[in-house]
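Next come the structures, one after another.
Below are two complexes that have chain A in common, paired first with chain B and then with chain C.
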Partner chain A sequence: MVDVKRIQEGNYELLTVVGDVDASSSIELDTAIEEAIESGGKKFLIDCSSLDYISSAGLGVFMSYIEEFRKRDITMIIYGLNEKVANVFEILGLDQLLTIKQTKEEAKAALG
Partner chain B sequence: MKYSYKVPCTKEKLRDIRSFVKEVLDKHGISEVDVSTLVLAIDEVCANVIIHGHSCNPKDSIELEIKIDKSQTLEFDIIDTVELFDIAAYQEPQIEDVVKQQKKGGIGLILVKRIMDDIEIIRLPKKNICRLTKKIQLT
Partner chain C sequence: MSSKAIIRFSALVAAGSWIGMLLTALSILFSKNSGLDQSIGDEVPPILMSLFIFALFTFYKFRIERAESINFVDLLWKVFVTGLIATIVSLFFQLIMNMLGNTKLAENVVFLNFIYLSNFGLVAAFLISTFIVWKRLILYQKSRFLLTAWKVFEYALLLGLVMNALPVTVVENFEDVYSVILVLMGLVLSVNMKWVAYLNFKQKWKSILLIALAMFYLGYFSFTLVGASSDIADKTEYFLDIRENIFIIALISFIFIYALFSLLVLLFNLPTSSVFEQKLEEVVSFQKLSQSIQTEQNEERVYEILIESSVNTVFADAAWIELDNEKDGHKYYTHKIDVEGIIRIKNHLKANKIKGILDQGSDKTKNLNKYLATLKGSPYRSMIAFPIKVKGEQEAIIVLLKDVSEGFNRENSKIIGTFSNQAGISIENFRLLTEALQNERYKEELKIAKNVQSSLLPDEVVQDDDYTAAAFSEAADEVGGDYYDTYRINDHKVAMIISDVSGKGTSAAFHMSQMKGVFYSLTQHDISPKEFLDSANNALSRCLDKASFITTSYFVFDSSKKQVEFSRAGHCPTLYYSKAEGKATYFQNKGLGLGILRNEGFKNYIQIDTFFYSPGDILVLYTDGITEASNVKGEEYGYERLKETIEKHSAAPVEEIKKEIISELYAFTGTEAIDDDYTVLIVKFN
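Up next is the complex of A and B:
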């Protein structure tokens, strides 16, 4: 089960992901990102400090937006991954394809 | 030691499967990161079987067996009556290609292959087994 909270903070939107993103709940994450894009924002921070678990279904959601973000000049920065979740991103090499920072401050600085 | 767990084929049961695997592995002094990657691999195979093998039909069920022996080998059997997808023969796509195609699926089995040491599909007269093995340091 996952909850995604969306808050506008200055020039970016903050999406906070709470819980487990697996094959049964990845649709919630996908819908939240899709709605955030449709609202017209160009800068997004994804707070994953309360993300307890992610499987390929969740990773697939993040991956599926990489091309679209590039084409539409949208920046998305993920931060706060715990060690176990970060390890899953690394197994697939997604840490090289997505922008991932440790803290919110670092993520904000990278957002510009 | 041998542990087994049988669940209906619904995606909502994946959470229970993960809890079961974690509970078993935690009893054997396996590191937290190793437990989490093994739990992930089992979750991926079970999700694949539940979604693609059974179309999430709650009347069907799958069984998971975990064997842990003294030679520090972990053996995970996902047992089913339907034909199991041959993960061992699965050719990994390039991650960059998956990204370009903007697909949301197709990476779970890559994770399984990268996490496990060996994957074997065993076809028996009345059941099929997907056997995943991993050699690991037990304390």
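Up next is the complex of A and C:
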């Protein structure tokens, strides 16, 4: 089960992902990101400090937006990954394509 | 003895004892009249008479009581036919008597006695057969008490029979008292009339007729016999007077009482029999509704049966069912009313601001009797409506109309309420059944997908002089996407691949088959691992759906150089055990999953690595199902445990290493059930 909260903070929108993202709950994550993009925002922070587990289907959701972000000139920064989840991102190589930061402060600084 | 034999034997005994009784009685009479010596005792004819009655009783008991048919009218018909035959024969005797007129023979007491005893035989047959029929009617709905009461009655009658056979009277007036007791017992038993309720209107009329005729016979016989016996009694006292026979008197009274009761009850039940039939109709309709969920039928049929049953049971003049749900849209089923008429009624109700049942979603079940009185140009004056609910949601509404005001009573409302509930249940069941079938189909499809997936894995891995390899793959319940394969490029080169497709289910199996196609088409061109992954990414980028990717590691073994070239595309880091160093390490090389970056930029993320192997070194390829396998505490098997297991068993042959890994893995998780596919491919260099 996963819960995604969207809050507008200053010049960016914060998406907080809480819980596990597996094959079935990845749909919820996908819907949340899609809605966020459709709302017209250009800057996003994704708080994954409460993301306990992510399956390949969940990684597929992040991956599927990389091209779209580039085209629409959207900046999305992920932060707060726990060690296990961060390792999953790294092995797949997603850390090379996504901007991943340790803390919210670093993420905000990177957002500019 | 079989019942057939008993019937035959008792018939024989009855006939024999009757003839015996006739002969002995007549001979005694003749001797007395002529003053001759009597060779037979006075006690013989009464004994034979009782024997005759007893044999007759047994005969009919087995013939009627054991008969399979429980049809009441048939039973009454038997009584009627027996009575008819007896009457005809009796009338024949009467005819002979009339023809003889005032001749000497007609005055002869012996001849009179002969006619009298013959008539007696016929009457006894009629009485006893009727008695047995009455018994069946009374005992139609048995209770313990009733059975006991009946048994007591039968034994009391038998006692009467025995007393008749005895030549002496024990107590003064005892026989009269006993007769009264028997009659009273018969009276008490005669209140059991439950069988009447099970007859329909026509059967009741038939029964009334048959019973009336039986009563007529009874009256006629009693009159004839009593008349004859009083005639004979004027002339002699030595004859079998039935007026003194307790058994016969008790039997006649009982039969008469029960016939009278039955006649009255039947008559009084005639007006209500239509109600009973209607109830039966309701039950049948109800059953029909329940059964309408058979597979060949559909929801439409349920509504049709509902409207038909409802109209028939409450005698409605018109009816409609309005369907309004997401699946079927808006639809009417009508009976003797058109949609125009329905809309007129609905508009009328709306115009008069009558809120309630006709609004979808309202659950008020209302009798709308009074509201239609003001609607002009419509013949209907009363109306009831009920919602048809499926899983608590209103699916449809049934409306019944009558052209009289206050046309529906409480009973009607109740039964229609029950019908619509049952229809709702039928539809729900029907849907559940359809759903279950659908699920079964999905399961079947998943099974096929699983079969396809496992058939994509090679039966055996390519071996080489330089190494031996062993593979293990166990699929999770859900279809996963682990893939491994080997290919001999030339005499010194072998390609090896391990892949994990993202996601699960049928799509994962599909992507896996695409990966296999890509492997076999590219690997034969003897290209470097980096080139392989670039081309594979290029090909798969056009095949995979938006959110899918495949992680892969690709190896080329070259025995001429004792080296392995490999590249990693997002797959779990490969474990390598070096015998020289005595420890295992994970290769730390860069990579990116296939299909993640679907353009030329992909090649920038792929690097090529090379290592040289020595005998005793071990290469371990695996998928994340292994490292992410968790135990009850939620701990993962992890990289460290895998590494330690390899180091511990590094000296063993490759098959044994494989077995050790698997058994340690299962021991760690503590369960046979697996969440994700386990795949491991071990290569040990010689």
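One rule holds for everything that comes next: the second predicted complex is superposed on the first by the 112 of 112 C-alpha atoms of A that agree within 3 Å, B and C clash if a C-alpha of one lies under 4 Å from a C-alpha of the other, contacts with A are read in each partner's own complex, and residues count from 1 in each chain.
Just so we're on the same page, a contact is a pair of C-beta atoms (placed from the backbone, for glycine too) under 8 Å apart; a residue touches a chain by one contact, two chains touch by 3 or more.
What you see is a predicted model; the values in this text were computed from it and never measured.
K.L.:
Once the two structures are overlaid on chain A, check if chain B and chain C clash or fit side by side.
P.N.:
Verdict on chain A: clash between chain B and chain C.
K.L.:
According to the stated criteria, A:L94 is in contact with first (chain B), second (chain C), both, or neither; which is it?
P.N.:
After superposition on chain A, A:L94 lies in contact with both partners, chain B and chain C.
K.L.:
For chain A, which side has the bigger count of touched residues, chain B or chain C?
P.N.:
Looking at chain B versus chain C, the one contacting more residues of chain A is B.
K.L.:
A:D30 in the overlay: touching chain B, chain C, both, or neither? Say first, second, both or neither.
P.N.:
both
K.L.:
Between chain B (first) and chain C (second), which, if any, makes contact with A:G60: first, second, both or neither?
P.N.:
both
K.L.:
Is A:S39 contacted by the first partner chain B, the second partner chain C, both or neither?
P.N.:
neither
K.L.:
Under the stated touch criterion, which partner chain does A:D20 make contact with: chain B (first), chain C (second), both, or neither?
P.N.:
First partner only.
K.L.:
If the shared chain A is used to align the two complexes, which stretch of chain C, 207-215, 243-251, 315-323 or 477-485, clashes with chain B?
P.N.:
Clashes with chain B appear only in stretch 477-485.
K.L.:
Could you list which residues of chain A make contact with chain B in one structure and with chain C in the other?
P.N.:
Dual-contact residues (chain A): 23, 26, 30, 56-57, 59-61, 63-64, 66-67, 84, 91-94, 97.
K.L.:
In the complex formed with chain A, which residues of chain C make contact?
P.N.:
The contact residues of chain C facing chain A are 500, 502-505, 546-549, 551, 569-573, 590-593, 596-598, 605, 636.
K.L.:
Spell out the part of chain B that touches chain A in their complex, as residue ranges.
P.N.:
11-12, 14-15, 18, 32-33, 36-37, 40, 43-44, 47, 50-51, 95-96, 98-100, 102-108, 110-111, 114-115
K.L.:
Going by the contact rule set out above, which residues of chain A touch chain C in the complex?
P.N.:
Those residues of chain A that touch chain C are 23, 26, 30, 56-57, 59-61, 63-64, 66-67, 84, 91-94, 96-97.
K.L.:
Given the complex with chain B, which residues does chain A contribute to the contact?
P.N.:
Chain A reaches chain B through residues 1, 20, 22-24, 26, 30, 53, 55-57, 59-61, 63-68, 83-84, 87-88, 91-94, 97.
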